[in-house]
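Two complexes follow with subunit A in common, the first pairing it with subunit B and the second with subunit C.
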Partner chain A sequence: MSLFIIVALPFLGALLPGLMNTAGRAACAGVTFTVTAAALIGLLTNAPAVLSGQVVTAGFEWLPLLGLNVTLMLDGLGFFFACLILGIGLLIITYARFYLSRDDNMGEFFTYLLLFQGAMVGIVLSDNILLLLVFWELTSLSSFLLIGYWKHLPEGRQGARMALTVTGMGGLAMIGGMLMLGQIAGSYDLSVILQNREAIQESPLYLPALILILLGCFTKSAQFPFHFWLPHAMAAPTPVSAYLHSATMVKAGIFLMARMWPVLSGTPEWFVIVTTAGLVTMVLGAVIALFKHDLKALLAFSTVSHLGLITMLLGTGTAFGAMAAVFHILNHATFKAALFMSAGIVDHEAHTRDIRRLGGLRRLMPVTFVIATLAALSMAGIPLLNGFLSKEMMLEEAWRTELYGAPWLVPALATLGSLFSAAYCFRLIGHTFLGPVRDDYPARPHDPGAGMWLPPAILVVMVVVIGIAPFLAEPFVKLVTASVLGEAAEVPKAYFKIWHGLVPALYMSIAAVVGGLIVMAIFAPMLRLWDAAPRPEAKAIFDRLIAAVVRLAERIALPLHNGAFTRYGAVFAVTVFVVGYYAWSTGTVGPATRAPQPADPVAIAGWLMLVAATLGMVFLHRNRLLSLILIGIVGLMVSVGFVFFSAPDLAMTQITVEVVTIILLLLALNFLPNRTPIESTVLHRTRDAVVSVAGGLAATALAYHYLLRDAVVTPISEFHLANSYKGGGGTNVVNVILVDFRGFDTFGEIIVLGIAALLIYALTEALLNGPVRARLLNRLPDQPRAGDMHPMMMVILTRVTMPVVLMVGFFIFLRGHNEPGGGFIAGLVVSIAVVMQYMASGFGWASARLRYPYHGIIGTGVLIAGLTGIGSWFVGKPFMTTDFTYVRIPPFNEFELATAMLFDLGVFLTVVGAVMLSLESFSRLARRAHMPDVEHPMDIDPSRGDPPVASVPTPAKEGV
Partner chain B sequence: MEFLVASAIGILTASGLYLVLRLRTFPVIMGISLLTYAVNVFLFASGRLVIGAPPVLVKGVETYSDPLPQALVLTAIVISFGMTAVVVMIGLGAYLGSDDDHVNDPADEVAQRGDAS
Partner chain C sequence: MMNATALHDIALIVAFVAIGIAQIMAMIRLVIGPDTGDRILALDTMVVNAIGLIVLLGIAQGTQVFFEAALIIAMLGFVSTVAYARFVLRGDIIE
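The block that comes next holds the complex of A and B.
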């Protein structure tokens, strides 16, 4: 199966559990299981190729200019991890089906789980490190959702936030590191990066890149000092803990260290940083785990400790260390997932995970006891179980590792870590399962159904099989090791054996187990000592740190963003002015290359009108209606200016937009006060005037200077003029640019317009359903209303002109490709025709006769435009490629048919829908409770034969 | 001619700025509209001023005005209608909800946030 499908399956499958939610829990889990199984089978179809040492690849270019390509790669390491993710995933899904209670939303859970699974598979199969980063962040996000799955638990929410903060920060650091790495290697493809070991290690950027990448790995894999989030993530449901926080996600950091091992390892920096972090984490995690009373917390810290162990092995930089790391990843995944599931079973059946309240479960839960004991003994490093083998290898590697010039340091600490590791395993077995049966369990414990114990049992079988017959796992582990090592080192010859002879590792191992038993014997006094000792609480430190950051942010943000918006405006204007002035005073201005054109009297007259209206608005702005009239004049003069300066399309657009804008503002003014009171002081107004005049002078100077100079670089407009007819089939270059050359821009713009209209609609809905509704309904108009709201003259006139206006719109639309016009203008013209009906006969009358909802028109328009663009795919052309042809139907002249016209139809419909929806939303606010439904288009209609005065509605009634 | 257009842009900008700095929503919206005119004309003028040469291809004619700024400004005009409508709706909603059409938050809240430092 193609690698694409393997990665895509979980993501696509994530849609299913939600849909199956109503079909029952079994169906929901079943579909999740099937999806995962399909991905696993697909993975296994690639097994022969991978096992024979090939690297399976698949890929296509996504954003080649950024170096971001969707390239996937399946080698031994990726195959190993993908098997772990999908294989353990299957077991977890089965387990979760029986673990979650009826109150839990199973569809939601499995959706998150599949999202996580897909992201994880994506990480391990990515060949492009940028793509890997995308998946990396996705695992952080899906892990956040899963940890916080029980939304009612505050620990869950806090744990989820903490995990996201820590791993998210690490992810940010890693982005920086990866970008540096890509810069050094000259490519973001792993296959290229892995070939450039020397170049990368010699680069001055090596150390920063290494530190940043390791920050990402250490946060993800909970290495000291970032280990603290993992125990808090245990607030998640146990299947999540078993899956994400022991077997898979926390291993992502380790995976990446293994992936980057050939290029990053082998330097003193790598050795010191990674080995130290690993060692400290291993010992610290093991010590803390011993004193945890919550089963899951104990397991969480033991996971931290084992992750430290693996990190340390990778840190040594030897081939043997890498092989031991790979082997321990496998072993840890098996026994730790089994242990988590066992802990979940205990919690599920005994209703507590507190070790102090447990004990004696051996007799009550024999099956669970056997599973948990075998897994725990494996973790403790007891022979004949798989944990023993990799722990021996670790100790052997530790024996040979010298850190900080002290040959005893690493072996001693490794033994100490193993000792505490053995101790907490013995405590887990002893204090939970052994001892006398108690009579005060919160619930009567018993073994669960097979659905819950079978998944861990399968893992424990693997624990035992690998433990007894390590040669079975050996070829596979060596294959994976070979792909970790790459060309940097040879796979070691060492065989996996239970008995290596009397080597130092054996003595260290014996010391650890015996020491662990001794610690158990004196556990009670040690616990008292531990409880009495002062120690830093990670969560408290983290909370204080976050609080300090929040305070800092408030200190910066609140004085700046104090809610005085006019101040923001003034600050912004002054800043733009200052920056512009700086550019002006430091830059150079070339001599004028264009001669000023003489101004004729018509232009001067137009200018005077524009200036008078504009200044009038400033001085008379307190009278709002008057300023509305004045802005109409401004708009009109701007339109005239467009005509004058050879832009007929712009003029037509401006004047039609002007009409609808004024109607809109009139509708709004209907509710707003009619006058703006004087509130600001003279000083304040003077300050504003100074700022404004400065801005105006700057704009004048800038515009005047560039109007007298030709463009420094040749504009691309020549291309449009030359190709408009040849390539686009239209002579109106502006329209061809809109629907053809820059069609994608236009597509985006009509979508924005549609969204704006829907936003207005939504705001209206919110207003009409909120507390404002009552006030609107009972509002008394502050000005006398017209007696004849729907005058006969206007009604007749709008009815008569409607078909004419529609025809004009149609005409403008059709000719748009070759003459001034097009979808935008036609849409505005048609909207005005419809708005006129609303104005003449009122909202109620008009909307009752309207058959098409405006949302639908917007949607249809966007769809038509989009489908026209997609249509070019079917003939193998890029998105939005247009085509045109000339046809002749007698008796008409030859005319042109272009796909661009369909696109323009989409533009037209969207504009009509958006304008109408906005205006209609405003007029809906004007409807009031006592407004009668109007049956008649006009108030006074002689043809009805009504008595003329009686039919006039109450004066309180309003127009549109 | 060039100075007329440049000064018109300047006057529209200055008036727009002044109105944007007012305290109530309606004049601010008017000011934004004036600034929209200024910006649109400014963008349009980046194609330089050409009289009597619309960018509609005709056989035998060689000079046309620059079509690209025109296409850009055309969509800008329509979009600015949409944006004006949204801003008006937000302002209207705020006024209907609180009976207050001030642009700024109440003075005591502003002072409180200033104290946070």
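The block that comes next holds the complex of A and C.
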């Protein structure tokens, strides 16, 4: 199966669980399982090629100029990780099906899980590092959603935020590092980068690139000092912890270190940074894990510790270390996922994960006991289990590693880490399963159904099989190691054996296990000591850090963004004024190339009215209704002005927008007092006056300047005029520009328009569902109201006008391509026709006759426009290439059909939907409790035969 | 004896002046009020005059494309007047 399909399957499949949600939990989990299984099978079809040492590739160019191409490659390392992700994914999906309760939204969970899975597979199969970064960020986002899946838990939300902050920050750093790496190598393709070891390591940018990339890896893989997010992410449901935080996501950082190992490792910088971070993490994680009482927290810190171990092995920079790391990744994934799932089972059945409240579960949950014990013993490094093998290799590697000139340091710390590791494993077994049966469990523990214990059991079988017969895993691990090493080093010859003879590693191992038993024996006094000792609380530090950053941001942002529009306007106007004046006074000013035209008295009168209305606005703006009326004059005179300058399209647009705006503002004014209160000081107002006068004069000067000169030598309008008919098939240049030349712009604009309308809708919905609802419903009008809600004359008039207006709208739409008009104006005209009905016959009456929801109309419009654009792909043209032809259907005249018209239809529908949705949302706010929506279009309707008095709400009833 | 074109021109000038003065007077009414009803009516008159101005402009420049703008204003200009009136009378324009 093509690599594309393997990566795309989880993403496409992510659509399914949501759809299957209503079909039941089994169907929902089943479809997720099938998608993952299909991807895994697809991966396995590539196994023969990979196992024979080939590298499978697939790719196409996406943004070649940026070096961002969709190139995928599958080598041993990628195959190994993809197997882990998809294979363990299957087990987790099965487990999650039985773990999640009926209250949990399973479709949502599996959607997130598949998104995450796709992103992870994308990371391990990416050949292009920019593509890898995209998937990397996707894992951060999807893991955020998964950790915060239980939205009602504050710990879940906080943990998710913390994880996103830390890993997102690391991801940002990594972007920088990767860009540097790409600059050095001259390509963003891994296959090229991996060939350039010398060039990269000699570059002066090597160290910054290394540090930035390692920041990304360390945050993702929870290395000290970024380890703190992982335990807090344990607020997630257990399947998430088992999947993300043991087997896959936290291994992404390690994967990347392994991927970059051939080019980045082997230098002293790499050795010191990576080995130190790994060692510290390993020891620290193991020590903290011992004293955690929450099963999952214990496992989380043990994961931190084991990730440290793997990091340290990669840090040593030797081939043997890399092989041990690969082997331990495999082993850790098996036993740790099994342990997490066991912890989940205990939590699920006993209703607590607190070790202090558990104990004696051996007799009550025998199956879980066997699974968890085998996995934990493997983690402790007991022979005949797989953890022992890789831990031995780790100790052997540590024995040979010398850090900071002290040959004893690494072996001693590695032994110490193993000692605590063994100790917490023993504590996990001893304090949870052994000991006497208690009678105060929160719930009666018992073994779960096979669906929950089978997935960890399968993993434990692998733990035992690899542990007893390591030669089975050896060829595969060596294959993966070979692809990690690349050409930088040879695969070590060492064989995987249980018995290596009396080597130092064996003594260290024995010391660790015996030490672990001793620690267990003296655990109680140690715990008292630990509890008494002061230690930094990572979450508190993190919270303080975030608070400090927020304060800093506020200190910078708030003075600039204080919410006062006058301040933004003043800053902007003054800046433009100063910069413009500088440009004007230092640049060369050409002579005037045009002569002023004579002004006729009508134009002067119009201009005077504009000026008078504007001046009136300045002095009367505190009266809101009056200023709206004055704006009406401005709009009217501007429309006439547009006609005067031969731009009828603009005039039509202006007048229709004017009407819609006035209706919208009147709807808003209903909730506002009549007068704007004076809120600023005299000084402020003087400042604003000076700034606005200066700005106005400057704008006038600029306009006058350009009226007398040509702005550019050849204006673009000449191109438009020349090509409008030839290329776009329309003689209305304005419309051709909108739907053809700059169709992509228009497409973006209608999407924005639709989003804005939906936002207005969402805001009003939020208001109506919030505490404001009661106040809105019981609000009293601030002035006496006239009696007639829906006067008969207006109803009849608007009813008669409606078809006429619709016809005009239709006409304007159809001929828009060649004569003034088009989808935008037609949309406005039609929505005004509909608004008239709302105003005349009332909200309830009009809504009841609404057949299509406005959201749907917006969506249809955007879809039609988009599909029209996509349509040109099918004839091999770029997005939004238009075509047109002339058809003749008798008895009509020959008329033109252009694909641009279909696009214009999209514009039309979006405009109608957006205008109506925003107006409707506003008028919904004005519903009131004591004013029921009437079914009748008119208050007084003789044809109904009602007694007129009953149906007329009297002014007295309407509340004064 | 003046010819038709000259008469046409004179008629145009007279019409322009008349409508221009009407527009200015309507505007004065709008400013002095005294109450909101007067102002709304004044604005409505201004809309009517604007239609006239646009038609006259079309005649003066000898083009038909302006008439649609006049049509649109004639057809939809009253909606804002109605909206204002409803606002004054009922406060809520869609109820």
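Convention: the second predicted complex is superposed on the first by the 578 of 960 C-alpha atoms of A that agree within 3 Å, B and C clash if a C-alpha of one lies under 4 Å from a C-alpha of the other, contacts with A are read in each partner's own complex, and residues count from 1 in each chain.
One rule holds for everything that comes next: contacts are C-beta pairs under 8 Å (C-beta built on N, C-alpha and C of every residue); 3 or more make two chains touch, one makes a residue touch a chain.
Because the structure is a prediction, the values reported are computed rather than measured.
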### Task
Identify the partner contact of A:Val240: answer first if only subunit B is touched, second if only subunit C is, both if each is, neither if none is.
neither
#### Entry: Contacts of A:Leu190 with subunit B and subunit C, given as first, second, both or neither
neither
### Query
If you stack the two complexes on chain A, which partner ends up touching A:Pro648: first (subunit B), second (subunit C), both, or neither?
both
### Query
In the superposed arrangement, which partner chain does A:Ala786 touch: subunit B (first), subunit C (second), both, or neither?
second
## Note on the structure
Across subunit A, the partner (subunit B or subunit C) reaching more residues is B
### Partner chain in contact with A:Ser921 - subunit B first, subunit C second, else both or neither
first
### Task
Applying the touch criterion given at the start, work out whether A:Val121 contacts subunit B, subunit C, both or neither, answering first, second, both or neither.
neither
### Query
Is A:Tyr706 in contact with subunit B, with subunit C, with both, or with neither (first, second, both, neither)?
first
### Task
Based on the superposed arrangement, let me know which partner A:Leu313 touches: subunit B (first), subunit C (second), both, or neither?
neither
### Message
Once chain A of both complexes is superposed, is A:Leu9 in touch with subunit B (first), subunit C (second), both, or neither?
### Response
neither
### Summary
subunit A positions within both the subunit B interface and the subunit C interface are 642, 644, 646, 648, 669, 819-820
### Task
Name, in rising order, each residue of subunit B that touches subunit A in their complex.
1-15, 17-27, 29-30, 33-34, 37-38, 40-42, 44-58, 64-68, 70-71, 73-75, 77-86, 88-93, 95-97, 101, 103-105, 109-110, 113-114, 116-117
### Query
Quick one: in the complex, what on subunit A touches subunit B?
554-555, 558-559, 561-567, 569-570, 573, 594, 596-599, 603-604, 607, 610-611, 614-615, 617-618, 621, 624, 627-628, 631, 634-635, 638, 641-642, 644-650, 653-654, 657, 660-661, 664-665, 668-669, 671-673, 676-677, 679-680, 688-689, 691-693, 695-701, 703-704, 706-708, 710, 715-717, 720-721, 724-725, 731-734, 737-738, 742, 745-746, 749, 752-753, 756-757, 759-760, 763-764, 766-767, 770-772, 775-776, 818-820, 824, 828, 911, 914-915, 918, 921-922, 925
### Message
Looking at the complex, which residues from subunit A come into contact with subunit C?
### Response
601-602, 605-606, 608-609, 612-613, 616, 625-626, 629-630, 632-633, 636-637, 639-640, 642-644, 646, 648, 651-652, 655-656, 658-659, 662-663, 666-667, 669-670, 781-783, 785-786, 788-789, 794, 801, 804-805, 808, 812, 819-821, 825, 829, 832, 835-836, 838-839, 842-843, 919, 923, 926, 931
## Note on the structure
Contacts from subunit C onto subunit A in the complex sit at residues 16-17, 20, 23-24, 27, 30-31, 36, 39-40, 43, 46-47, 50, 53-54, 57-58, 61, 63, 65-66, 68-69, 71-73, 75-77, 79-80, 82-84, 86-95
